[in-house]
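We call the chains A, B and C, going by the order they appear; numbering starts again at 1 in every chain.
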Amino acid sequence: MIVGTSGLVLNEKLLFEHSDAGRKGYSLPALDVPAATLPDGLCREEIAGFPELSEVDVVRHFTRLSTWNYGVDSGFYPLGSCTMKYNPKVNEVACRLPGLADVHPATPDHLAQGALTLMYQLQEMLAEISGFPAVSVQPAAGAHGELAGMLAIRAWHEARGNARRTKVLIPDTAHGTNPATAALAGFDVVPIASQGVLTLEEVAAHMTDEVAALMVTNPNTLGLFETNIEAICALVHERGGLVYCDGANLNALLGIARPGDLGIDVMHFNLHKTFATPHGGGGPGSGPVGVRADLAPFLPGPLAVRDGDSYRFAGPPGSVGRLLAFHGNFGIMVRAFAYIRSMGAQGLRHATEMAVLNANYVRARLEGSYHLPYATRSLHEVVFSDRDLPNDCHTLDVAKRLIDYGYHPPTIYFPLVVKGAIMIEPTETESQETLDEFCDAMLAIAGEAGADPELLKNAPVRTRTRRLDETGAARQPRLKWERPC
Amino acid sequence: MDFPEELKYTEEHEWVQVEGDLVIVGITDFAQDALGDVVFVELPEVGAEVTAGKAFGVVESVKAVSDIYAPVSGTIEEINEELPDAPEVINTSPYGDGWMIKIRLSDPGELDGLMDAAAYQAHIAEEH
Amino acid sequence: MRYIPHTPGDVAQMLERIGVGSLEELFVEIPASARLKRPLALPPALAESELVRELKALAARNATPENRISFLGGGAYQHFIPAAVDLLISRSEFYTAYTPYQPEISQGTLQAIFEFQTLICQLTGMEVANASMYDGASACAEAALMTVRLTRRRKVLVSRALNPRWRKVIATYCRYVDVELVEVGYAADGRTDLEELAGKLDGQTAAVIAGYPNYFGVVEDLAALAGLAQGAGARLVAGVAEGVALGLLKSPGELGADIVAGEGQSFGLPVSYGGPYVGFFAARMKDVRAMPGRLVGETVDRDGKRGFVLTLSTREQHIRREKATSNICSNQGLCALTATVFLSLLGKQGLRELAQQNVAKAAYAREQLQKVAGVTLPFAAPSFNEFVVRSSKPAGEVLAALEAQGILGGIPLGADYPELGEAFLVCVTEQNRRSDIEALAGALAGGAA
């Protein structure tokens, strides 16, 4: 069944093209104190071009814009490495409770015990899930958690007088944030070419006394468990280094294995992936970081700590410092807390099992019609390629045609080690029925590539816009609205 | 793909045209094809010193970015002023209007280390 | 489990199709030694009704403006949020979408970001703004690093009157990248000390960073700061912690700032115990390729119809990896949408009126507190909606006495500014009624101060 249809799509101008002088969509109470203003020399003229709209204008505008989007609530969103699971609605209600949403971050600790309790319990639950004894929930996103972790690694080495450990090993399957983060923490990046799963020999060949850490993703971006991880960690430790794990793919391991037990020293979580908080069209996320005990003093802080029956912010003593003005993306923490409390230990393990089952089911249904570059048993996601598609059809064409069928495309052209990669992560919240419909669409598209390739190359045709000119956008950047002359 | 016989080539896919002690440098047809539609070029200033094997500029497409390496050492004598406003000529005319810089050679001996068209084509075939 | 649809029958069918006998077989690649051999020790799962009860119980243990009179600011501001804001951002097509990497089915997000970029440019008086940063503090830290890239100099001068939490974040970001941070003090009127600044600027200075308004609520002389910085070949970074101030104050762009890094929480985001907020980041077009973060640009589709795409991505981590301008990937997209909706509702007039009410309320509070014996206001320079109060009694005792009367009187300054003596920061917004202000003055006069 083709889910996508060409229904009524409403046009909508830019905010600035709607404006009419004198409108506003906001009301203030009458001023109950004497009027006062700042000296003229400090004040601006009116803000040129700023919109002037009524409430109904604004509501229609953004409602129409929303209909041009596709979210998890619209349909299947198999974006590899992004864990686009369903976002429970009660979590949205929870973070908006006035007693949570309206707490000012400078509230004295003794008057914010509910918020501190929640943060403390979230730290503890994440510690138990990952096997890391200490967790800081301050970082705002995955890359921010990576930065926290890599700064802590640097500080740990410095505290031991290892100033010459300035290099970080990163497999070429890694997310781009890994090398960018290492650089921001002042490290030089040494890429390791890997084929599928990292081997002990590859790591050993690069693991000199100038290397501060190895950054891995486990399961890796091919969806494969790093089977040699324990031996690799032992080797890195033996040679004086530490192992950082990108926790983007933790959804494959809940209740099955704990990164902290494998010898990994530092890992960040993505609450917006594994713990069901919404992606928000690009954020906000939350990227807590967990570490083994002797790295705990270097975590970004302060952390929520417990004193008997009460909680407060404190330390840690050798902290690398603050990464945000306040305590982190608390509203996202509330959602993740609600999710973990709703799922419990059994529920989380069940989620992982169903996520892996779903990925393997999609793999079984598409294998043979799409090229599968790695035959190893994969976990929560599976990577195909466009190698066997006929008529010069490529991954991009499959992705765009999927949109016409009513699906968000998988992650494409990543990981870079697979040419024309199609990376599918179904997550546990999709039913067999949904997966079957999606797989039928993928198979139909493979057929179309042979029979009528123009269907792929012209796609999408049912969307608000067709394929967009990205080259033109980059050559002559127009990054804001300007009043026509 | 076109690889003129009269030019010399580097492993990083730059071409060199020798004119006395001046050399003209650009990127090869192979390089522009691999990058896709070029959207931006960053070139050094006239008078800057460049060193053989070191990056002197950057060329970008929508989804890729590549350093451009100096084939020889020397001083920048001239840059192609047209490129910033019309980077697409690197795609349409990599060996002509898409030239990037002119270097006044400091060590003509460095030219001996460059490849001829046949050796460069063999290099591409081996690399890919 | 209510979020997982599989029945035992589904599982059996799927395993059969995969060709394995059990779920366990799907995990064969994970060695036995790596397995967790016990269930996770987590509290038991809750039904939705139990969860709501537990969260309400936690919420009941926090002080909020519902049960206290609050004068807390210092980088997070309590402004009214119109109902339409939350209802619009709760459209799940917005909040359950990912980053708009597939533009044809993300035009809603992309156009909204383009509008956000435009609004931020209009507010700041700058030429280009990105799609958002984590918060104002991290945006300011990224601005410091950008000036180092642009100038190839490695010294950054930071005003002591910039929010101390922001200064700490800048220090964290600069910790291992060989950037020297030097503090510049403030003068008796509460503004950055221009003379000291002139003495510290040199040929190695990449940037001067100052708050606008600064942490004391004081409006800095940005034009003078820009003149001094640029005269030495350095850049001026204006850090805006209270975005509403830009509804009334001259824009940093007009006054010569090179980068404006700010906090957009005031634009429709609840204070939410510190986040999620939204950093905004604006610069000059000539510097666009050194900017961190995502950018949305206008283009056309195959039929010539206007549309929007992520653009100039080669600056970013997923393409340039270790040479990227920043490691940021996820940003604060939905919070940027929130700010866009909020600013659309307020519009040109609403934002100015809001800013003016804040000024008037704070001015009235200053006037009332000045009359209280034992209370002084150390800084004379014009301020927006915050100001420093000095008391004769220890600030901790004063705030505790206010607390006993149901008033959160302000943020103590002793730890960050011991030189100010017994002082605290008071913030007054349009949400504080005249009676709240009089209650504060009354409590202080009644013995708290």
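The criterion applied here is as follows: a contact is a pair of C-beta atoms (placed from the backbone, for glycine too) under 8 Å apart; a residue touches a chain by one contact, two chains touch by 3 or more.
What you see is a predicted model, and the numbers here were worked out from it, not measured in a lab.
A.B. asks: Where the centre means the average of the CA atoms, what chain is farthest from chain C?
C.D. replies: When every chain centre is compared against chain C, the largest gap points to B.
A.B. asks: Using mean Cα positions, find the chain sitting nearest the overall protein centre.
C.D. replies: Nearest to the common C-alpha centre lies chain A.
A.B. asks: Just curious, how far off is chain C from chain B if you go by their C-alpha centres, in Å?
C.D. replies: The answer is 44 Å.
A.B. asks: Chain A to chain C: how many Å between their CA centres?
C.D. replies: A distance of 20 Å separates the two centres.
A.B. asks: How big is the gap, in whole Å, between where the Cα atoms of chain A centre and where those of chain B centre?
C.D. replies: It comes to 38 Å between the two C-alpha centres.
A.B. asks: Spell out, as numbers or ranges, the residues of chain B touching 2 or more other chains.
C.D. replies: Touching at least two other chains: 40, 60-62.
A.B. asks: Mind pulling the residue numbers of chain A that touch at least two other chains?
C.D. replies: Residues 470, 474.
A.B. asks: Taking each residue of chain C in turn, which ones touch at least two of the other chains?
C.D. replies: Chain C, residues with two or more chain partners: 311, 319-320.
A.B. asks: Where on chain C does chain B make contact in their complex?
C.D. replies: 289, 311, 313-314, 319-320
A.B. asks: For the complex, give me every residue of chain B touching chain A.
C.D. replies: 37, 39-40, 60-62, 87-88
A.B. asks: Which residues of chain A touch chain B once you look at their complex with the stated criterion?
C.D. replies: Contacts found on chain A: 470-471, 474-475.
A.B. asks: Please output the residues of chain B touching chain C within their complex, sorted ascending.
C.D. replies: Residues in contact with chain C: 40, 42, 60-65.
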